[in-house]
Amino acid sequence: MKDKKILNGQEIIVNVRNLKIGGKNPKIFIGGPCSVESEKQIMTTAKHLKEIGVDILRGGVFKPRTSPYAFQGLEEEGLKMLRKAGDEFDLPIITELMDEKNLDLMLEYTDIIQIGSRNMYNYPLLKTLGGVDKPVLLKRGMSATIKEWVLAAEYLAAHGNKNIILCERGVRGFDNYTRNMLDLAAVPIMKKETGLPIIVDPSHGTGVKWLIPPMTKAALAAGADGIMVEVHPNPSEALSDGDQSLTFEEYENIYKECAK
Amino acid sequence: MKDKKILNGQEIIVNVRNLKIGGKNPKIFIGGPCSVESEKQIMTTAKHLKEIGVDILRGGVFKPRTSPYAFQGLEEEGLKMLRKAGDEFDLPIITELMDEKNLDLMLEYTDIIQIGSRNMYNYPLLKTLGGVDKPVLLKRGMSATIKEWVLAAEYLAAHGNKNIILCERGVRGFDNYTRNMLDLAAVPIMKKETGLPIIVDPSHGTGVKWLIPPMTKAALAAGADGIMVEVHPNPSEALSDGDQSLTFEEYENIYKECAK
Amino acid sequence: MKDKKILNGQEIIVNVRNLKIGGKNPKIFIGGPCSVESEKQIMTTAKHLKEIGVDILRGGVFKPRTSPYAFQGLEEEGLKMLRKAGDEFDLPIITELMDEKNLDLMLEYTDIIQIGSRNMYNYPLLKTLGGVDKPVLLKRGMSATIKEWVLAAEYLAAHGNKNIILCERGVRGFDNYTRNMLDLAAVPIMKKETGLPIIVDPSHGTGVKWLIPPMTKAALAAGADGIMVEVHPNPSEALSDGDQSLTFEEYENIYKECAK
Amino acid sequence: MKDKKILNGQEIIVNVRNLKIGGKNPKIFIGGPCSVESEKQIMTTAKHLKEIGVDILRGGVFKPRTSPYAFQGLEEEGLKMLRKAGDEFDLPIITELMDEKNLDLMLEYTDIIQIGSRNMYNYPLLKTLGGVDKPVLLKRGMSATIKEWVLAAEYLAAHGNKNIILCERGVRGFDNYTRNMLDLAAVPIMKKETGLPIIVDPSHGTGVKWLIPPMTKAALAAGADGIMVEVHPNPSEALSDGDQSLTFEEYENIYKECAK
């Protein structure tokens, strides 16, 4: 693949506080709600996830929603709640950035900046994040080819930031049995092509709750450096993605089976 | 389709200077190079397109390129060249905005702001453009569903801007014979669902020069309100998309056959 | 494209009784029900289609159904009804062959043998049909690439039969707004690559009734040599594909607008 | 899913000679060349695979090739070679049936009848195989939905044969980095929906040699009951699929890592 100058396949380890992600380091377990909905919700979630042994707390505060009339996230207020939960339970946090205008907030509060599927091709945003000293989790675009994804990561690297964690989250498929088609071959391919750590998001990758355990196992067997799963204290009342969110108990079962 | 409150299918006519786009108005012909490369290039192009009868001049100045090392456009300098060419030959101009930081430049110089495929899901940008008094051409995302595209337009409308021209430019397919798969059924569907005018871009929609004439005819027969085609004084020397760019003569032939 | 020895792009005209299909000959209109359901149904349909000016009568008698428990067609009995209707109203007939065991019946009764999407890759069947003296309508496979489709036609030609009419009927897409994604660029591509006549089936290509008129116009504008549409005396009572079947009046309107 | 009466999710174990496939039985390893090319080739392969510990010998003798001019297989002669190799080294054999005319040969010589991707929708062939007393390996069609695949299996069951082994072999994707997109979520889905054993073919599922080991591990972790891999004594001289064929040593390494 031409146009790849920096991410040449040599192994890169990403540090997030005390965690080391990639290479032969232990697999990373990320969990949390699709959206931060209230302080109580995120504190409860953080407490349970910490007890389970989860490594990083996720939660959306600026939400890219297909409809302009859907819940758009708690924004700054939610970000502070997420930070508070992370501090209280000693968990690094990750949340999505959609708009450069919120970058300062992100730099102040979060440990990892997530670029979602809808922004993988947002090159101005990638260039900007190339200039910050903070790890970036780069999700694959909805129908991004391997080459496009590699070069999106290269945008970050070319502008100065090699602290990149890739995230396979399924691509658009032709069958609505699942929400997306999880492309696990992308795991070894992206590792080989870039050298970066890669995690898998089976929640968005399938959109089907009972598929999360087998797909987590498959992802780790394929060589993924970790997984990111949506967890909610009460999935049936979630403001977004309730259908694909696990309960604490369900996540604990996965963790016990896989985190060795 | 729920979540559609403003764009309800009632016909919307978009005004660009003296042009009226949509409804029973004459079909619109847009042409110009993928990238503005020099003053000479864009002036020559504008002169010829005006003579042919083309309605609007296109030219990229901020270019979303897959590789960070590819030519990224002439930026502000190119935008001024494009404006100068438009003024000299009395052609409204259209160019792509990728980054809100360039919005003021756009508002000053261009007649239509293009949102490219890579930014159809860039909701913060759509919200911002909802607040401006300038027509927006909204291209379909690379694998956007009808619903996602409708709701991207609804983002603009919900934030105040109904001067929207849709643009079908092909979706990601499984066959590399063409660059994309041109989905002409989207033309009548989007008109019915939103009421907005819609044009077709057979240059990106096929990526194959000799397919542009038949696909232009098919697009107009399907009900498209116009077409947008890449034209270059010397396609073999173009800095981007040379393979799919027409010569002036080739565009003139299409225009003569179709603009009745 | 290598492996193409016989179908090299030189124009081929297919004769079906008095009709000539392809080249500069008039566009062909094919119509009829998804399934032959009764003598009355097919006779009524044939009568109306003849009055409208339609050229060829279609009707399924051996039906490839996704479910083993769905109506599988009237088989030999239906074929005889179709023949009777064709004779009574002087219309050539076309029906689908799925199984070589029914070839003798086909040779006796039908004018054109249809190979459906599900059998485009059925090479033994194609080889057999290469040896018969009867035109074959070869539908595109559900997600067949251009190359695969060209070479499926080449199978027929390599075994002796160049009387081939191609039929674009949409490919599998990612959006369930339509049943398939109609790929009209395939029309000029297949003509150029093979020289064969090609028709379009907007009924299966969209699966949406109101999209059939605009897609028929677009197909003919793209250079198609004809169209094939599902028509039923009473679509709401059809045993298969009722949702995408036109009434006689609806087909008449299309015919009047397009058959010039 | 309606139209599913027999394959209702209750676990089915398939017996092939002494092997039991499905449920809690040991994972099955199938290997062999894409095509049987000579007696020496298949005997050498069988010998090595037996030594490694592989369970079943595969080899194509009737080959569904995209081009009519490509090698079409050794047919009956090849089938006898495959049988001889199976007998000599005490390995059950599997080969593909494309044409009902060869069914008697298949019944005489093979232990498992394979229905390839191109014939998953060949309902007459499925009905016929519903009436035989021999296990059928049913590959997924190139872009078959879960529902279509389930109902293809139901065709076999509805006509009397429940000895079905499913095989996920990748679906058509949009990225040519791999030959197909391996859909491992289909493994737990098909097991749940049908109760049948399912194996994975990472050779066709990726078409990339070095991806076979990680995808084998992922497939087994997702719950697959076995794998089928192309192996050749000298991949660079294979008459078909050489690029994706493993050497004996490469297969042995996979076997050692996974067969526990």
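Per-chain numbering from 1; labels A, B, C and D assigned in written order.
In this text, contacts are C-beta pairs under 8 Å (C-beta built on N, C-alpha and C of every residue); 3 or more make two chains touch, one makes a residue touch a chain.
Since the structure is predicted, the reported quantities are computational estimates derived from the model, not experimental observations.
Trainee: Which of these, A-C, C-D or B-D, makes the same contacts as A-B in over half of the contact pairs?
Mentor: Repeat of the A-B interface: C-D.
Trainee: Please flag the chain sitting at the greatest distance from subunit B, going by CA centroids.
Mentor: Chain centre farthest from subunit B's centre: D.
Trainee: I'd like to verify one number: the distance from the centre of subunit B to the centre of subunit D, where each centre is the average of its C-alpha atoms, in whole angstrom.
Mentor: About 48 Å separates the centre of subunit B from that of subunit D.
Trainee: On a C-alpha centroid basis, what's the spacing between subunit C and subunit D, in Å?
Mentor: The mean C-alpha positions of subunit C and subunit D differ by 33 Å.
Trainee: Centroid of subunit A to centroid of subunit D, CA atoms only: how many Å?
Mentor: About 36 Å separates the centre of subunit A from that of subunit D.
Trainee: Where in subunit C do residues touch two or more other chains at once?
Mentor: Expected reply: 143, 147, 172-174.
Trainee: Using the touch definition up top, name the residues of subunit D that touch subunit A in the complex.
Mentor: 143, 145-147, 171, 173-175, 177-178, 181-185, 187-189, 192, 205-206, 208, 210-211, 214-215, 217-223
Trainee: Could you please specify the touching residues of subunit D with respect to subunit B in the complex?
Mentor: Touching subunit B: residues 143, 172-174, 176 of subunit D.
Trainee: Would you pull the subunit A residues touching subunit B in the complex into a rising list?
Mentor: Result: residues 3, 5, 64-70, 98-101, 118-119, 121-124, 127, 141-143, 147-148, 151, 154-155, 158-159, 172 of subunit A touch subunit B.
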